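Labels for the chains are A, B and C, by order of writing; each one numbers its residues from 1.
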Amino acid sequence: MEAFLHQVLSGLATGGIYASLALALVMIYQSTNHINFAQGEMAMFSTYLAWNMINAGLPYWWAFLLTVTISFAAGVVIERVIIRPVENAPVLSVITVFIALLVIFNSVAGWIYSYTIKTFPSPFPEQPLFGNRFISSHELGTIGVTLAVLVALYAFFRFTPLGLAMRAAAQNATSSRLVGIRVGWMLALGWGLAAAVGAIAGMLIAPIVYLEPNMMSGVLLYAFAAALVGGIDNPFGAVLGGFLVGVLENVVGAYVVGTELKLTVALVLIVGVLLVKPTGLFGRVFVTRV
Amino acid sequence: MLGLLVLLAAAVALPFVVSNYRVFQFNMVLVYAIVLLGLNMLTGYNGQISLGHGAFYAIGAYAAAILMDHFGWPYWATPPVAGALCFVFGFLFGLPALRLSGHYLALATFALAVAMPQILKYKRIEQWTGGVQGIVIVKPDAPFGWKLTPDQWLYLFTLAILVIMFVLGWNLLRGRVGRAITAIRDHPMAAQAMGVNLALYKSLTFGVSALYTGVAGALGAVVVQFVAPDSFTAGLSINFLIGIVIGGVASISGAVYGALFIQFVPNFADQLSKAAPWAIYGIFLLAFVYLMPTGVAGFVRLAWRRMRGAKGREEAIVPRGADS
Amino acid sequence: MALLEVENLFAGYSAQNVLREVSFSVQQGGITAILGANGAGKTTLLRAVSGMLRRQGSIRFGGEPIDRISTESIARLGVAHVPDGRGTFLDMTTEENLRIGAYSRKDRQAVAEDMDRMFEYFPRLKERRRQQAGTLSGGEQQMLAVSRALMMRPRLLLLDEPSFGLAPLVVQDIFRIMRGINAQQGVSVLLVEQNAGLALELADRAYVLETGQVVLSGTAAEVGSNESVRRAYLGF
């Protein structure tokens, strides 16, 4: 029983990370109808930047803040410079661009930082809270940070004019232009936010899976699964999906398939959802016009 | 036609004029060309984007390895089996994939590619797959005591298979079938309204595409002389995508250009740094998408047409330019 | 003084031109109607003014050329376009739809007052202010679309077939409000309508569009008393 509880709680912690990444994916999907295959590698690269700063002596939370800011800016730039030219190109071109980004980020990270595994510090204490045996402080902290980020994003989109404009641009670009919204910049901001959220996710998972250029590929797969389970165009769904997938991964991995086939679990989830209910638990059904 | 024959003659002469290592490299070019033709059928001509063809390649490779190592089969009997096996898998994967398109299909196939190494390392099938170490294969000698090195013989063997598969593919693509599958890519609903059985064609295309990749996988396994899970990561599938984008989507000659690129550029770039090949790939990919969306094949076709004036010969299937 | 001056406009969706050599104007504080049957190019005309498609020719707004700038820049200059299909943000609430109309404005106090005014014009919207806009009826969405445009405090209002698919009472309401804001706030209006009778009642100038070209122009009275217009568009 105790072990099970630990698996569930630990699953919630990694689930929070999947939720954050899934949210980043959904944000980009909602505004552009594209799936950002490079989301994981961007997050990984951001984490390396943070590692660099911490190694240079910067205190953790300063490095954290700086990394998030730089990632935000980078996301904006990438959208404007690299994605914008293919905004209306055929799907294959767009996917190729995303794959190119994936490949570039991965290889540049390997080039600069080499492939040796590095440790990434956790800002949370070593000892578990109240000495409990179910959840480590890092895991608890992860859940906390994830929830804080999600609440902040929710508030931003729901209550601020900019958030409203971004939602409008994602839902109906034409109508948005007609009220004077600069849709292109809204897309760029969306990318910036996604990159920032990705950076946070990367920094939270690095202490667990250790920092190396390929650390995010499995995580990304789970984030995809989470986004699909929740509904690729539904932010709440993405979050719920994330926690669900996190717990499932641990439980299925511990009691059913064994930890070696964890990625296959993600694969089965992805294919399964796409087959049975492509709109996910909370997504919207779209009718194609002839 | 003349140009093709000249090319073929040059290809046949090649193994006798270059070093053994180069023969090995060009052999891999041939293998990749078969893969890329298969992938092009699916993604270029039929519009179904696959980021998971590395998985089919792996299945073909492991099929060959297991047949040779566990059952003592001769190398030349493995490609047909690998192809048939992959056809079945491809067709089966294509059936549910019917409901997916664009990004979703790319995502599902990408998931397959990422999960593949783990599946290949799975302890419960280790006795067949050799686990993390994989399986070692013995390179065959030339038959009938012919005075060829194993590499030379294998190269010619691969070349023969490539020619057969290219001719088959070309025939397929320029006839009714080819028109049907490009119609499905460009106007799926209109095609369906005109009586094209969407489900059947799409799944069959998936199957045939996988078949080609499986055959290539089997050949590749023999050429490289071993199979191991880490040879078949998502990077391989990405490599294949790079191949068709740079070579030229929806083009047969593109398969060859692409194969040359993915075989030689990494070797070239490796000298800079271990990570460099992929960075260069990425930059090339971007450059091609922005500047040359129809790939090298498209560029060659354009240059050819310009040189011959208006009388250039068109391919039976006009590829839909990536900027339409 | 013409607020909107269009000369020799050519516009279309792909290589084909839908509009050819179209010239018209909207006076400062005036209401101009564009009449024509289905397919005449009326919607294309409004989209050309808003920069939503390929266009050539001279389009001047308040004396400044706007034929090369983006849709959002044109909107920010004070042109509010109520598109065909209404362009409602279906997944947002009624109130959010109104708020988004005021996005590029800086005068918060006035925005709040304007929102109240919209609810006065259209009490039905006030009832449904927190409802998802996609659940509103056609007439209510039209009211919402017009209100959203008005929330921009525009100088020029472009209306694409406001009467389309609406009950007569609702149409009367909308037209009455149009007349009101034109008279009281000096908002100029460019109105595209299939319902010629209604349009001519409201407008002071009118143009008739047939297969992409202007075939008749004049004051609303002149156009309304033209024999062929009466026969073709007014049912006489």
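Definition applied: a residue touches a chain if its C-beta (ideal position, glycine included) is under 8 Å from a C-beta of that chain, and two chains touch if they have at least 3 such contacts.
The structure displayed is predicted, hence computed values, not measured ones.
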Minimum number of chain-to-chain touching steps separating subunit B from subunit C: 2
Centre-most chain, if every chain is reduced to its averaged C-alpha atoms: A
Farthest chain (mean CA position) relative to subunit C: B
Rounded Å distance, subunit B centre to subunit C centre (Cα mean): 55
For subunit A paired with subunit C, centre-to-centre distance based on mean C-alpha positions, whole Å: 43
Subunit A and subunit B, separation of their C-alpha mean positions in angstrom: 32
Multi-chain contact residues (two or more partners), subunit C: none
In the complex, subunit B residues that touch subunit A: 43, 47, 49, 51, 96, 99-100, 102-104, 106-108, 110-112, 114-115, 118-119, 121-123, 189, 234, 238, 241-242, 245, 249, 273-279, 281-283, 285-286, 288-290, 293, 320, 322-324
Parts of subunit A lying in touch with subunit C, wherever the complex brings them together: 161, 164-165, 167-168, 171-172, 174-183
Subunit A - residues contacting subunit B, complex: 33-35, 37, 82, 85-86, 89-93, 95-97, 99-104, 106-111, 115, 213, 217-218, 221, 224-225, 228, 258, 260-264, 266-267, 270-271, 274-275, 278, 290
Residue numbers on subunit C that touch subunit A, as the complex places them: 50, 52, 70-72, 75-76, 80-81, 83, 87-92, 96, 99-101, 103-104, 148, 152
